[in-house]
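Per-chain residue numbering starts at 1, and chain names A, B, C, D and E are given in the order in which the chains are listed.
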């Protein structure tokens, strides 16, 4: 365990950025999102939640796959190269780190998504414990410990210092590169912070949310429930919840005609969109109710069914904060719970 | 560019008149109260400019016989306005002589209640472009 | 995927001299969809068209790009060629590599590069073309003539003689128009009435011709072959069926102070009147503004004296709705208002008159019964001055920029007639130019000078000054003698500029026929289609299209009739298939498109749709393709992109944009 | 703004209505009134057919300037089309100006069928303007530039 | 609030309306959601407070297709949207029973958070009846107070007025909240140099995640299928690789609603990235006002919209360069 004074963080960032790309929470036009570090960047480590989750460090909102170029009457295919350079994502929270686990289950199992795998291989995650969790947080419900993130490096901001603890080989390697800026610290120094965080977490309104009844076996029972017809009504069918979510992994593959070539790229898709999984015959979900149901069934039923009961939600609460119609997964879970109670 | 051409162009510039629009109807000469005292007649002003013979125009008696009554300017159906051409020729002469003409902005300061109104109006007519 | 053939035309050396046509053809083969490309000397020639036909057959082409001159020139040619070879004509697109390329660029490399890009854009478009089928619309075998002057009468007679029904709508109480106001006509000096009246009678007696006088066109809807027109028959206050035309009512009418329109206000008429003796129909009209009965409720003399009982004070305006296949505009002209030409003292002296007023003065039925006399004091004039080009050829907004065309000739006529009848009257004409192109026209003018001693002076008049002694002092200049002239005249006649009838603007708007800045109706092509309006089914007859004299008017009237007959002879018309259409599944029914459609072609229907399994009744835009002219205003107004234009679809235009920018 | 690229040749799209401006362009051609080959004309039935999306599309795909020509107001073949087009383009251009796209990259000019000279003059001055503005970097998709 | 619930119950019970469209209390103090209530009993969850910012007009498009009338609660600014939707035949006036609810300014939770408020447990002062000048906020980290005005949505500071443009009956007093000029921000941007303008919008739009919340919440964006969802224009509604797409999307969206946008401010309210999207719409409104005469979309249901109208003397597009 090491520590570094907060005032020296920019030196740390500079040193990391000397040898590799560094992504961290940056405030741009009033909003904090993960972005590449630069001397001018307004680094915002105090922000609890970035608007977008940091998942696009590994699974960008859009990325090129390959380009088809025309040469006379022939075609030439130029694949996009995989990520080869190492990079660091600094300041992810425990929930977001857990989100990567959700993505790993999808992209790293056979068939492996090479683009994602390359990024995972080259990326080192420095996670930051949540100093002041908020009312929209419910990570504990999904077994996430906000006080003790499980990344390559775990870090805590305490008082005027940042504490740093490498947890993996990658984490050690990164630590090795920047050690010169650190001074040694005792693990006991972060225990008080962890306890304080745990104490706050206990007070949060959502922390006792029950997931009872939500599992891989609940398919037909939940799918056919009449409650969906009620719940979806305020939904505007925008993609906010999916695009701020650290676990949503659906993407669409699209072609862009540049005139002289066609570049194929993929971009995040949202199950809320009317052309989600559109196929030649049309769309298999024709109503917003069906699309709405899809999102929650996927997170709480389908995904667990395929991943040993693991949910595809980490309780980061971004959707709670950002939904234009104030809908969210918590309200859905509660609505079913309430209905169950009344039955 | 020949000096003659330059002079003709200067006349066109000062007057803002395109002499090529003239259809030679003669309404200007028909309207002119000083016609009989002029050696070059109003409708001829146009062809003198077209033919780049500003010299003759400048040396003509007509130059100082034009009353600036602007009857020709008002009645010309082709927007040619010979009165403006001859006025421009006069301007040229004035400029050549002393180079001390006034800019319109200077006039208000020089106003004297004793000045004859006619003179003022005449001055403004010249500067109204 | 289309199978596209690209045909590059050399146009002799017009294109080939600056564009490497072989290279364009070679590059075409690289384009997606192109399976054939060739270049040839003259693609529009029979041999060139044969090459296209052969390629269509041999290569099974589904689309064609011709790189040649402007589509405005030969698009129709190549479409017909493709159609003959069995290809839908709308699968043909033109890349304009002549007007837009070879003719304006000098550098061969640059021009070739551009030609290739223009070709690519056309290929990109054809790739998205779909075969279009022109619709059919019926033709109502009836023509409407707006205006009952010589132009309208002649057109009506010609169309009626071909066997089609014709209606004439005339605003005034009688047909006859301006020509009926003329005394004699140039260059033959025959009596205007003598040649016009028989035509009027013929028209009124013609079984195929129906005349609505004292009527105006109120509303026009529909399109070529199928116009629906509302005609307002103004209340005449006289029963046309009962009236015998005896004229007693006019004699007895106590209100005789209304200015006579026919005599240009030079004298007065009664409140119940026919404009002139030979009027057709010979049925009077009550001028309700002037009539004592209408003004005060008392009088009713006409009703009392009418033995036929034809007077009907209760009569109301009547709207007649009729369908027509073709409409001919023959609205004629008027003289311009002279208030901006005060230097000629028209408003100051009764003895300054317009030429048209002189016609009435010279006419036996006119205010002076044909005696030439001063209108101020009735004295016979000794000196007469004619001033030409009053308001014509004027660059500023006081007058008209064009030459009124007829003035030189009628002034020569007037001068000649006066000198003939009153040899002691001196006649002076001030002119700028004397323009006499026309058969026997210059001879006519020379006779006025040589035989009748009319004094022509070159030089416009500057001013006319009424004198205390009643004379008119004319200040002019003789440009040839280089002297100013001051002449005392007894009468001055102004050859006043003519302008289209002021009502034409309203009528053009109703017909969606375009008019130029001078309010003359625009012809479809200045040289090749001079009697057709660009709006299909609308034809132009007489001065409404531009200044012309009687023989020209009659010739044009005949030409307009032929064009109208050509249309009426068809049973069905093919409609342009490049019309808007709405995608039912995208339409919001919001009415935005309806608001911008200039043709009222968009209506809304409640219709059941099946939107991917959702069945519901929706309010949907429906385009009447017969009414739609294909402007595309709706396609951009439509917020959801439901509206698209066939032949110029969103995707097609975008494909062209992409091809040009790539 | 200086022109970085000396070999810069702009891409310019000109939308011309079929009835007036396209005919005006034809007249410029038959009168041999030259203008730079950078201008490529797209024929549309009426200026009111030009969707603002087409203009943005052109910029997206790499156009450096877009000009729209139509019949003079009052002379529209379809009576009113250019009046609508005028409002649409005014608002669109104002918006582009507002988001910082150089104002000279867009233009509307009314060119009648008889105005071959005007067409050529317009294109000459427009191309000159685009040369002075240089490459359009603010409103394009960079992938189309490669 | 009880007053409104009682009235709604009456109308439900006497059969005047088949359902009530309003807001349902959320599970946090600030997240009530738009909701349909079909029984008097269910109205116990009904809420109307400072956080009920959602413009319910848009929900009336779907509600117009249902059997019977829907009681809809519209704030003054929402009534403009409703009028505009009537004009575009997208809602059925006969299917709506409009209760014009008063408004004392709507709250923006982001503005509260930006003042350092975290871990919110309860908020006092947001009730319609209170008309409080201050919000008392209990948080896990202690009690905070925030001035009501400092927590208001941008749109309420430039409120168009508290008059309902269409309603069957009105409930609740309103309170004037306008303390700024609607076009100030637009004017400020107009005065920037092209490079500054470009930088400003580039920065704002670079945050856009193409979630389409702005579009989907917008009552003017009521197309059955948006052009960005259709393949006709070959334009994607999802993220693209190049940033051009965001500009294209926001310009076209603003253009499509130009002359139809009532400036209800929903787009800016819902943007998860806090992009001031109203600046696009307001630019068009300002231009329209200046060039074609004052026009407020939704003021009535029958006037001609500026883009489907013209005058012979309209400004030429070159005016854009001349205005300076």
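Basically, a residue touches a chain if its C-beta (ideal position, glycine included) is under 8 Å from a C-beta of that chain, and two chains touch if they have at least 3 such contacts.
Not measured: the values here are computed from a predicted model.
Trainee: According to the touch definition, list the chains common to the neighbour sets of chain A and chain D.
Mentor: Expected: C, E.
Trainee: Using each chain's Cα centroid, which is most distant from the centroid of chain A?
Mentor: Here the answer is chain B, farthest from chain A.
Trainee: More C-beta contacts across D-E or across A-C?
Mentor: Between the two chain pairs, D-E has more contacting C-beta pairs.
Trainee: Where the centre of all protein Cα atoms falls, which chain's Cα centre is nearest to that point?
Mentor: When every chain is reduced to its C-alpha mean, the one closest to the whole-protein mean is D.
Trainee: Centroid from C-alpha atoms only, then distance chain A to chain E, rounded to Å. What do you get?
Mentor: Centres of chain A and chain E (C-alpha means) sit 30 Å apart.
Trainee: Just give me the whole-number Å value for how far the CA centre of chain B lies from that of chain D.
Mentor: 43
Trainee: Measuring from the mean C-alpha position of chain C to the mean C-alpha position of chain E, what distance in angstrom results?
Mentor: Whole-Å distance between the two chain centres: 53.
Trainee: List, in ascending order, every residue of chain B touching at least 2 other chains.
Mentor: In chain B, nothing touches at least two other chains.
Trainee: If a residue has to touch 2 or more other chains to count, which residues of chain E qualify?
Mentor: 225, 227, 233-234, 240-241, 307-309
Trainee: Residues touching two or more other chains, restricted to chain D: which are they?
Mentor: Answer for chain D, listing residues that touch two or more other chains: 52-53, 61-62, 80, 84, 88, 141, 143-144.
Trainee: Any two chains that touch count here, so list every such pair.
Mentor: A-C, A-D, A-E, B-C, C-D, C-E, D-E
Trainee: Applying the document's contact rule, which stretches of chain A touch chain E when the two form their complex?
Mentor: The contact residues of chain A facing chain E are 28-31, 33, 48, 51-52, 61-64, 132-136, 200, 203-205, 233-234, 236-240, 242-244, 252, 254, 256-257, 263, 265, 267-270, 273-275, 320-322, 324-328, 330-331, 334.
Trainee: Show which residues of chain C lie in contact with chain B when the two form their complex.
Mentor: Touching chain B: residues 343, 389, 393-396, 398-399, 432, 458-463, 475-477, 479, 482, 484-485 of chain C.
Trainee: Would you pull the chain D residues touching chain C in the complex into a rising list?
Mentor: Touching chain C: residues 11, 13, 18-19, 22-23, 25-26, 28-30, 32-35, 37, 40-46, 48-54, 57-58, 61-63, 75-81, 84, 88, 120, 144 of chain D.
Trainee: Could you pull out which chain A residues touch chain D in their complex?
Mentor: Its residues touching chain D are 256, 258-259, 263.
Trainee: Inside the complex, what are the residues of chain B that reach chain C?
Mentor: Chain B residues touching chain C: 21, 23-32, 35-36, 41, 43, 71, 75, 77-79.
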